[in-house]
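Multiple structures follow.
Each of the two complexes below includes subunit A, the first together with subunit B, the second together with subunit C.
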Partner chain A sequence: MKQSGTSALLQDAVLDMASSVASALRGGGHAPDDITTGGGPSGDLELAAARVLGADLVLPTVLCGIPPTADRLDLIRRTLEAFPPRPEAPPTVRWSHWALRRALRQADPSGSGSDERRPPEPDAAWLDGVPWPFLTHQLAVLASLALPGQDCAPARAARARTLDVARGFVRAVRRRDWLQAAGAGRWLTLLPDVPETLGLAAGLDFVELMGGDDPRVLLQVRAARLTGAGALV
Partner chain B sequence: MTDTRLLHTVGVRAIEWLWAHRDGFRLEPDVDPEIGFLDRFKPVGELALVCKVLFREGVAGSRQAELARRLLDHVWRETLGGGSMLVRGQRTEPISPIPFETYLPFKELGYHQPEIERAAVLDHRLDSWCAFEVTPTRRLGLSAFQRRFGLRPRPPEHEALKATWLARTPEPWTVEGHIAYDVTHAVFHLTDWGENPGGLPPRLADYLAVWLPVWIDDWLDLRRWDLLGELLVVDACLPRPTLDERAWAGFAEAQRADGAMPAVREMPDIADPDELFDAVYHPTLVAAFASTLATSRALAGLTQAAS
Partner chain C sequence: MASAEKILDEVRVHDIDIEAVLDPAEPDGVYRDSRECVALALSSGGGSLLLSPPTPRPKKG
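Our next item is the complex of A and B:
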């Protein structure tokens, strides 16, 4: 019971954080992003929620140019310290951590404790030749890496397999997996040669209509629209 | 690429089941005409279409071909009364296309009923035939059947095609069961049930090559065997069929040892033989259809590779 209670609290904390970021992205980032300005989770719960959201914590900075708050940067630093990936961690965990390090470095290039160098990339061989449903699933989990002009091995893997990611988007929508669909859709806004018949723009609207009650979905859809519209990075 | 033996075996078993359950192809002559005497012609017409594919592709073994021929003779003689029941159906509902649709594949296979042919020619002249309200996909099929009969299609097939879902190549994520059946039947009509893959316009073939794998993956996981079978037919109609190994393995596994293919998930628990026939004859026919076309394409691929 205790565990399920904790996990429900974590889920709520993640949704609150996602909701705050999604609000900041609305209309190009003119709304305040107030995750850490009172009312949010604190302590371990806050760190755990920040770990789940990962690099998307600084999306308003990356996509809309909104300067990050000191609290936000501090939260990211503490999250990175609290959850170093274990050697046996799955690739998505290692890449999420890498993405968060990169995000901190970009959001606060002169900040104390942030690496000056681009962090070394984890291994990306796990995506080589995988079937398109698995590829799309993994990319959707790593949707925080889908940023215009920011290269990394998963982004290169995605660029080489546009058709497969598009198929994965259709599959996710058909299966009502809105979070995966939104993540795949966000990647597709960056990929070359997306089939016109996919109807991506309407597809993202459909995902928002059907699954936008979940702030994590809303965040990805809004990020996709901004990247698709050529948001700054 | 799926093992050709697996592709072939699905069809062999399906024909065995259809032969063993041939009495299920039955009409209900005493039914109230207002309820629909013509409703039960559909399985008979579909059987003839699939058997025609089987003869045409030339990949059936001798027993499978023999059973198919005997099945056709059986339903023509016993179910259709040598064609007299088609005439009765036509006289019951003179403007209904059903007797004509049922008759056409039999005519192509050498069976003959002059009165139905006269009715088809007369109907072709009627504005009411063109105005008869059917779905766009069925309208495309009626035009294709008129052409196959030797008449000038009304409307022309390229006109009829325009109104179908497939012709507009819409957003693939909106497809659900009914739309998927419209897609499969549009392909059947455009290719003359797989005989002429070139009848599928390149634009539509490209669209299907891109999105069909998603739909096959989806309906395989949903275990909707009837629709999956039709999608596997569509795959076999494409310029470069995938003959998807996972889908075919799942499809073959779903088939019962006696050859029956459940429509959805498992075989239904139905004791009445007629009701059971009605529940599974269609997916079983589709299994024979998909198997025949896929086997033919697989063998053609081997021939090309060897030359």
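Our next item is the complex of A and C:
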């Protein structure tokens, strides 16, 4: 009972944070809201929500050049410490932690709490030769890794399988899995040789139309558009 | 009755199954209805793949 109640609170906190980031991406110049004040989540719930949203917390910095607030950087440092991945944790857990460490290092290279070196990559063999629906699902879960000019093993795996990710995007749309569709669409804006017949731009419009009530979907669609338009990194 | 602030205060890291959230299973598919197909047709313009028939599935046995 306690776990399910916590899950609902966490989901609400994640949606609030995603809404804040999506709003900053829409403006392309808006400073992100300070999510640590003004009625936002607090304490451990805030840390957990930040861990779930992960590296996308600094998307306004990465894609729009908006300087991160000190509170946000501090939040990232604290959530990295609060939720370290277990060695046997699933790959998406280890990679999302890695992505957040990389994001902190890039958003605050001189920060006292950030690593000076690029963190070593977790193992990526779990994506080798997997069926395209699973590949797309995993990539969509790790959509925070889909950033222009930033390489990593899942990005290389995606680049080698553009058509499979395109198939996964279509499948997600047909299944009405808007979050997966938005994440796959974000990856596709980075991939080579995406078929014109996919209609990616129109597909993203449709995903926003149908799933944009969910701030997480909106965040991914806006990130995809900015990436496709050649946002700075 | 506990206040919202009190409830939030009681949420602790060890109460949160963060791995389940970070490694979610794929939800069951829910397929489009005709209203959404119309919206898709209007929004997709020249894109034809999204409206193409479903991929043939291999026959069992």
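Throughout what follows, the second predicted complex is superposed on the first by the 228 of 233 C-alpha atoms of A that agree within 3 Å, B and C clash if a C-alpha of one lies under 4 Å from a C-alpha of the other, contacts with A are read in each partner's own complex, and residues count from 1 in each chain.
Keep this in mind: contacts are C-beta pairs under 8 Å (C-beta built on N, C-alpha and C of every residue); 3 or more make two chains touch, one makes a residue touch a chain.
Only a predicted model underlies this, so the values are computations on that prediction, with no experimental measurement involved.
Within the superposed three-chain model, A:P195 lies in touch with subunit B and with subunit C [touch as defined at top]. Touching more residues of subunit A than its counterpart among subunit B and subunit C is C. In the superposed model, A:F206 makes contact with both subunit B and subunit C. Legend: residue contacts after superposition of the two complexes on their common chain; A:L163 is shown touching subunit B, with no touch to subunit C. Of the two partner chains placed around the shared chain by superposition, subunit C is the only one that A:G43 touches, whereas subunit B remains out of contact.
Judged by the touch definition given at the top, the superposed model places A:R174 against both subunit B and subunit C.
Residues 133, 167, 170, 173-175, 195, 197-199, 202-203, 206 of subunit A touch subunit B in one complex and subunit C in the other.
The part of subunit A that touches subunit C in the complex is made up of residues 2-3, 5-7, 9-10, 14, 41-45, 47-48, 51-52, 82-83, 86, 89-90, 92-93, 96, 133, 137, 141, 167, 170, 173-177, 180, 195, 197-200, 202-203, 205-206, 209-210. Looking at the complex, you find that subunit C touches subunit A at residues 7-9, 11-13, 15-19, 21-24, 26-27, 29-32, 36, 39-40, 43-50, 54-55. For subunit B in complex with subunit A, the touching residues are 169-173, 175, 207, 210-211, 213-214, 217-218. If you check the complex, the residues on subunit A that touch subunit B are 132-133, 163, 166-167, 169-171, 173-175, 195, 197-199, 202-203, 206.
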